[in-house]
């Protein structure tokens, strides 16, 4: 859904991650990306694949969000 | 997407709910689960099936989130 | 997922939009609908089709949410 | 696909049914809803999930239509 | 699913509509197409995307059928 | 969606057909099955895969319904 | 996928269950159906929706199989 | 999911079958393939499309497995 | 996606084929259709279902394209 | 699948088109985009939704490719 | 489909594998997981994505089962 | 879609890549595989998951093709 930028010959590798948070869906996404950024540097985009969560005592315990994350192989 | 816990022979029944909220997607999820917890006690997990909403006067009036909710039959 | 209201013979046209925001998924939805409301008046409901986003420096740069939006043709 | 109506905080529960008829697809839908209305009062909408049927002597014996039916929990 | 006809270089644009009727699925399709034909002339084919409906007093209140409609841009 | 009947060791072969009619969806289904019954005798069930149609002069010209049809190999 | 049997006007209700077993996929299916048969008598068919499982110490700990189960409402 | 073998210009035709067994999912697959091998010789691979079954007296009566089967046209 | 042509009462049968080529996706499609035309005369349209291929020595060895092909039964 | 570029607050509208060509899939894509560019200026990306075609005399008569095309609303 | 266990902030990475066996579907799953456990220690769950197989001399030669496998990044 | 070859006990790992090219879909596939072959040796097959592209000045700027690529773990 994005406008192009600069040279277009990137090859992307796609990684699938699941992040979790007891706060929000956005926070679960951020947690997954922050953790992955420790070992993968050139992450460029993500796509939400599934949103799930645990229920504890009749409330949402935490959210779990599965992401496909694209990163370039050229760095 | 979850780690196992204790004895593994649970049978789950799955229920589908739609919750709504004028605040956020997370709040619509919580409203559905809170309402269902009045009659179902052992809810364990949920999965978001669809996210929709109403538009009123060119703004989001409220969100509607459809969930599949799993609960154990052993209690 | 909605209760009916008044005369039922509406014909809807469906439009697909992508909104973005650096704050939240809900804000990306609102941005798309606010922008579209400048030219389309009778928008009634939306459905989230895809949730994606850009990653910048190991964090979410902004969210992109694709919506199907229904509006009546009778105005 | 519907316009909103009155207070928006309904929680819906979704039920899946299969109705059958030797007349038409619409009649199979009506049969399922009529039968379910004996025990569930506040059904609000349905969605066709699958349309199948039996063949007998080289003709359609009867139609079978699977529906997801939403009803409110607030009655 | 169709046999070809005459020159083959048509470009189609696809429009998504929802029609409704309290009579039948076919009537909801016709209503959507009739309404759209007021402003779009060269509609050529449709595909049913979803069949839903409202329930009123334990009966089908009306059907709602979502269609993708293709029309040529060359006229 | 069907109750079982007698010996259960049938092997089914599945055939995909498209029937058409200018009257109704049900009539397009019947036309496909009637035509196929000239060469295949033990057809048992069908499933609607897709419902489409042609538009002529702003009206439905005819319906086209794609079916998967199951028949036994034991005759 | 089944041949018809006797009167065809059954209305089915569909229930979704998850069964588990440390032996096999078939055993997980049986466990779900056996457990459900304590409270639901007229179950007629099932369809496997998803097959998952837990991994413990580098081996399959147990299988989890999600089923849609159809039962008649006429008893 | 397979490694290639020898000359690569095969044209495959795909056939869809449903096999059944009261023993296991694997046995239902074998039954379908064994039956089809009476008339089709060069079957090369299969893919499971759906796994269903009948329930009798609260137990699995038999499994029904739908397969897509590929065979070469060159023999 | 096609404009209609002449009498509309055709019944189509759908066949699924896989063609292969070491040149291009289009050539794999042509190979499948050319081979099938030896025994089936009235093929009218195709739809690409899946595009795959083999890799040999770090290059595309050949493409494999699965097609659904519709042909009329009236000849 | 794309790297971001400049200000990120674009709202996209998505249009669905079908292009055709008797040469290749790529040419059908180009034809659809060229034709649409006469009236829509800020098209940014496309996604192939379906690839089909007509068969004439046992050969591919022409390809038909359905595209979702995104363009910005801000120009 | 699982009950939660202990601290909930795990980030999972998902890996896709294909295992094979000439014995059973379960054995193909075990083979994939056993092989992967040589290099990946904290695998927690799997999900079956596709079940296929080879046919040799009119019998199942071996099963091939594609799995998505989740493992924690925290070890 | 492939004929088997030699010993059948391979375990495959699946990798997802996106290749791009301003020439053709086939060239984008080749670019992804060529780049990946620098670090992964035993790639055996691929499957096209999505075909997209950028539009620049009313023309296709370049194609982007997402692939699932299978390679053996036994080398």
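Think of it as A, B, C, D, E, F, G, H, I, J, K and L in the order they're written, each chain with its own count starting at 1.
Just so we're on the same page, a residue touches a chain if its C-beta (ideal position, glycine included) is under 8 Å from a C-beta of that chain, and two chains touch if they have at least 3 such contacts.
Computed from a predicted structure; not experimentally measured.
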By the touch rule set out at the top, what is the minimum number of steps from chain C to chain G?
-> 2
Touching chain G and chain J alike are none
With one step meaning two chains touch, work out the least steps from chain C to chain L.
-> 2
Of K-L and A-B, the pair joined by more C-beta contact pairs is A-B
Option in B-G, K-L or A-B whose residue-number contact pairs overlap A-C by over half | A-B
Distance between the CA centroids of chain D and chain L (whole Å) is 44
Express in whole angstrom the distance between the two chain centres, defined as the mean CA positions of chain E and chain J.
-> 22
Averaged over CA atoms, how far is the centre of chain F from the centre of chain J? Could you give it in whole Å?
-> 34
Averaged-CA centre spacing for the pair chain F and chain E, given as whole angstrom | 22
Which chain J residues reach two or more other chains?
-> 1-2, 4, 10, 12, 18, 24-25, 44-45, 54, 66, 70
Which chain A residues qualify as touching chain K in the complex?
-> 15-22, 31-32, 35-36, 54, 56, 61-62, 66
Once bound in the complex, which stretches of chain H touch chain K?
-> 1-2, 24-26, 29-30, 33-34, 37, 41, 43-48, 69
In the complex, chain C touches chain E at residues 4, 8-14, 68, 70, 73
Parts of chain D lying in touch with chain F, wherever the complex brings them together = 18, 24-25, 50-55, 58-60, 63-64, 66
